[in-house]
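In the two assemblies presented below, subunit A is common to both, partnered first by subunit B and then by subunit C.
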Partner chain A sequence: MAARIHPLLGAFAILVFLFLLAPLVIIVGASLSDTTYLTFPPQGLTLRWFTNIFEISAFRNTAITSFQVAILGTGLSLLIGIPAAYALNRYRVGLPKWLGTLFILPILVPEIVFGFSLLKSVTIGMGLPIYPSLIIGHALLVLPYSVRVVGASLASFDFSVEEAAISLGCPPWKTFLTVVLPNIRAGVIAAFILAFITSINDVSISVFLTGPGISTLPIQILAHMEQFFDPTIASVSVLLMLVTVGVMAIVEATLGLTFLTK
Partner chain B sequence: MNKFAKWGLTLPATILVVALLVVPVLATIATTFGEPKGIFSTYTAFFNSGFRTGILYRTLRIALITTAISLVIGFLTAYVIAQMPGRLKSIAIIAAVFPLLTGVVVRSFAWLIILGKNGIVNSSLLSLGIISDPLSMLYTEGSVIVAMVYLFVPLMILTLTGVLEGIPRDVVEASASLGAKPIATFFQVILPLAVPGLIVGAVLVFTGSFTSYATPQLLGGEQMMMMGTLLYQRAMVTFDWVGASTIAAIMVVITIAVVSIMSRIARRLNPMAV
Partner chain C sequence: MTVSLTIEKLSAHYGQTQVLKDLSISVAAGELVSLLGSSGCGKTTTLRIVAGFLQPTSGHVKLGDRDLTTLPAHARDIGLVFQNYALFPHLTVQDNVAFGLKQRGVSSADRAKRATAMLERVGLANLADRLPGALSGGQKQRVALARALVIEPPLLMFDEPLSNLDAKLRVDMRVEIRQLQKANGTTSLYVTHDQEEAFSISDRVAIMNAGRIMQLDTPEVLYQKPANAFVARFVGFENLIPMKTVARDGAIVTAEAAGGAKLHLSQDVFGPIADDFVLATRPDGLVVRSQGEGIPTTLGTRTYLGRAYQYKCETAAGEITANGALSELFEPGASAVLVPVPEQCCILSPEN
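Take a look at the complex of A and B:
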């Protein structure tokens, strides 16, 4: 599609981008302010709010938990999601249609309802400790990415290559690892990144699954904000934005960012 | 072998989703029908409470307004992005992806700095002499809507950019070469072809804002509760689990109804489908 853009429309788009990016710039500014309250533009410049983060052990501990849960949850979702995506694409005939819908249920069910139900039935009902409950909750939350994004790259994979390997005597599991997996690498990386970022930013599930000594970083930020409204939160936010920058750099290097519009 | 592989490979994911998502959510819904006062007693209690129905209507209102504003902003911006030359386009997409990948807590928090008592809006209005006392903009429906629009516009832009890029170039060129003005081409060719994508984007934004928790928690507070914050408060502050389950059930029914009705409409309206 191609057409000329009216100058007014162009100006509108520029305003939209200002609207999207200005709040993030404001956070960066507020994180540098030498005041005990949040303000923008910053008054005086200091990095003490960044060092302050590391003095608050709750931030350190919850950041570690968030990172572990995101890695383990995403890993688990790929571990169960890749075989499912493989079967859905390889044996298109003979598998019921609802199976595909089942794996995207975590997007359809409101996250906050899922979090509450998980707490009620699994953490309390089955007595599963909070930490594994968190991992399972996050693994299911991001399962749709594993199944759909990996599934999209499997859809363009030519399965006759796999059959050739097997008919030449390569065992199926080895064929999968050495023939199929390298061909769907981009999909697996994309799924991992989307799942990781979703997990590390999650609030609605984690908010129900906190306990003595266990919480995730976003929940800790919410809790901190209820008591203190100082630039520490802004500096934590800046660090989280740096994580986003890192993730985007990985996406750009491996897949190109335009894959996100597909 | 094939039969085993076919089922065996989907089995772990199936078991986990069924046992840890489907069954728990159904159990949550089931508990709402087990009250001694009658099967539907928790629902009559919910709908007889002006406070709770007020929150339901507010949530629907905020979600609808957010969806409408995001649709307009997202569509116009995506339209501009789709016309951009390659390099500028990648920059625009990066600018939209960055907020999208930044967490909801961080993005909502930004609006606390902007709209707060010492916030940037108040301090600029004060220094310009337009107001003499800081305005209370936080904890209003307006502040929640602004933050939600901010949250969902990037998603809308990316969804619709993909849709607009999928519209074949020759269709647009044919319209122009047959003498249609750009405005006519926009409303009579591009917009109808984009309708299914607009519906997909609208459903994403509506369900996302209808079920949100962090944004109304931060920018709405106790005064402007939404269904998500009400559910949390009933479950974790007052420990009224049946009440919380009732809210959960209402949210599930509305979400699934909206998704299934709108995706059916989108399929019917798709002019590219034969």
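Take a look at the complex of A and C:
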């Protein structure tokens, strides 16, 4: 028996969905428009703005940089985040409560402030080149996801299983790799995906850390828009959206999206 | 290979709190000794130190003539059975059991053979391909037992292994654990808070309190001849009556309880009796009679136990619980005498 829904509530729900989806529909529409300026509804239909992306080398190069930075930054954040999450859960009793909060600071601090402080400390302070600065910046940006999502997995892990392995003759480091890691696999994958998507869509950190010759795709989109207000922007956005949706679809198919929401 | 376990003068601290105080135990080769006590008495701490998960502040742990004290946990070669089973959730039953053999570099064919043989011994060969999540509590604990036994460890340790099982299964499993332990002749240390479990499974039991062993003996001796007031209370001696010796005549001591009741006690039965001592009994060690040599009382609440009546008794020496024969019924408020049954009484030193 279906629950009765008040017509007003139903209408409200539809409005919310429209509000969430309308911008996406507009972007997709605009990207197909056969005009040299951004417009909606599209006038005429063409895919030339999509082919145009690949003809502009700046989009190609920044897309490659974005993917590299997202993969390496996320990887680095997991290298730090998994051990951190492990320690926070394993030694919960002896550790101060604020220590866990420390790892979500990059989410709490306004991104613009965070980006600026990275510029001051990493690029200027340490004098690092742009590319490694970007990777470090993105690693820090997504570290909260690594720590929290892996931590959620570890929270339901019974650490006496680890002790059982050690008692059976397995050294601690090998126990971590062969017993702990396989049991938090889902959390690690979910953390990777969340972090990856956050990194590839980031503007505010990248805008401070990119520089001459090296940029990320979202920054390039902004730069392009300042000069040309053509539908290329919309088609790049659609591609970026498709990458995100594609990644989510893979998660849904392999693990189920509940991993990201629980 | 059977070896003895020696724990020498073990002390341990959690921060400033001392949780083990100069604890020493020897477990003979092939023997099963239980550590029995309420939570916080230090029994699990002792086990975790022997396993290598905790470091003692001082003291030594020796297995045979091998000193384990500074050896890392994974090099100690001890079979452990946990309260919550601690099976590897991502491995099949078969791989769980074979895990320890794999760490020892046993070839995969040999591993499979030995794991299967061990699973047959615990009656789970047909579940070898299942994941632990698909097993019942009793089956999980059998797998855990097989996993610990298959490596043929010189020492087996159990940390409250039956606490998560229901009552009937607990009894079956403890018989099974004891049979396997005896058949293998594995030296074993067994931690539990359940007195019946400890007494039924062990060669000897160490009753612990506040980081110390109060008495280490066979279950029979603990049950009948507790060495001190703590152990006496622990094994059910509800009545602890302080007495003073007032006269001695050969082996016979005349002693007086508070209120002036006099008892004649024979040192042939009780051994040497000091000037100040405590007479300890269970409720059936004192018989409610209408007359005789004993402690005068006014009877309170009466409870029917099936084999006897039990009375709450007001005496000058405090409240006492005593049993009376079914053939002689007393009403609440009646005056009576509590007559000790010497074989069921103990003489203890006074508590400080």
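The rule we apply is simple: the second predicted complex is superposed on the first by the 254 of 262 C-alpha atoms of A that agree within 3 Å, B and C clash if a C-alpha of one lies under 4 Å from a C-alpha of the other, contacts with A are read in each partner's own complex, and residues count from 1 in each chain.
One rule holds for everything that comes next: contacts are C-beta pairs under 8 Å (C-beta built on N, C-alpha and C of every residue); 3 or more make two chains touch, one makes a residue touch a chain.
Every value quoted in this text rests on a predicted model; they were computed, and no experiment measured them.
Participant: Of the two partner chains, subunit B (first) and subunit C (second), which one does A:D158 touch, if any: first, second, both, or neither?
Facilitator: A:D158 contacts subunit C only, not subunit B.
Participant: Considering only touches as defined above, state whether A:L32 meets subunit B (first), subunit C (second), both or neither.
Facilitator: In the superposition, A:L32 touches no partner, neither subunit B nor subunit C.
Participant: Examine A:V142 and indicate which partner it touches, taking first as subunit B and second as subunit C; both and neither are also allowed.
Facilitator: It touches nothing on subunit B or subunit C.
Participant: In the overlay, answer first, second, both or neither for which of subunit B and subunit C A:L72 touches.
Facilitator: In the superposed model, A:L72 contacts neither subunit B nor subunit C.
Participant: After lining up the shared chain so the two structures overlap, which partner does A:L168 touch, if you call subunit B first and subunit C second: first, second, both or neither?
Facilitator: A:L168 sits against subunit C, while subunit B stays out of touch.
Participant: On the A-aligned overlay, A:N183 touches which partner chain: subunit B = first, subunit C = second, or both, or neither?
Facilitator: Touch partner of A:N183: subunit C, not subunit B.
Participant: I'd like to check the shared interface: which positions of subunit A are touched by both subunit B and subunit C across the two complexes?
Facilitator: Residues 172 of subunit A touch both subunit B and subunit C.
Participant: Quick check: in the complex, which residue numbers of subunit B touch subunit A?
Facilitator: Interface residues on the subunit B side: 2, 5-7, 9-10, 12-14, 16-18, 20-25, 27-28, 73, 76-77, 79-83, 89-90, 92-99, 101-107, 109-114, 116, 118-120, 123, 150, 153-154, 157-158, 161-162, 164-165, 167-169, 171-173, 176, 182, 185-186, 190, 207, 210-214, 217-218, 228, 231-232, 235-236, 241, 244-245, 248, 251-252, 255-256, 259.
Participant: In the complex, go through subunit A and note every residue touching subunit B.
Facilitator: My answer: residues 1-6, 9-10, 12-13, 16-17, 19-21, 23-24, 26-27, 30, 37-41, 79-81, 83-84, 86-88, 90-91, 94-95, 99, 102-103, 105-106, 108-114, 116-122, 125, 136, 139-140, 143, 147, 172, 197, 200-201, 203-204, 207-208, 218, 221-222, 225, 229, 233-234, 237, 240-241, 244-245, 247-248, 257-258, 260-262.
Participant: Which positions of subunit A touch subunit C when the two form their complex?
Facilitator: Going through subunit A, the ones touching subunit C are 158, 160-161, 163-172, 175, 179, 182-183.
Participant: Going by the contact rule set out above, which residues of subunit C touch subunit A in the complex?
Facilitator: Going by the criterion above, the answer is residues 51-53, 72-80, 82, 84, 86-90, 99-100, 103-104, 144, 147-148, 151.
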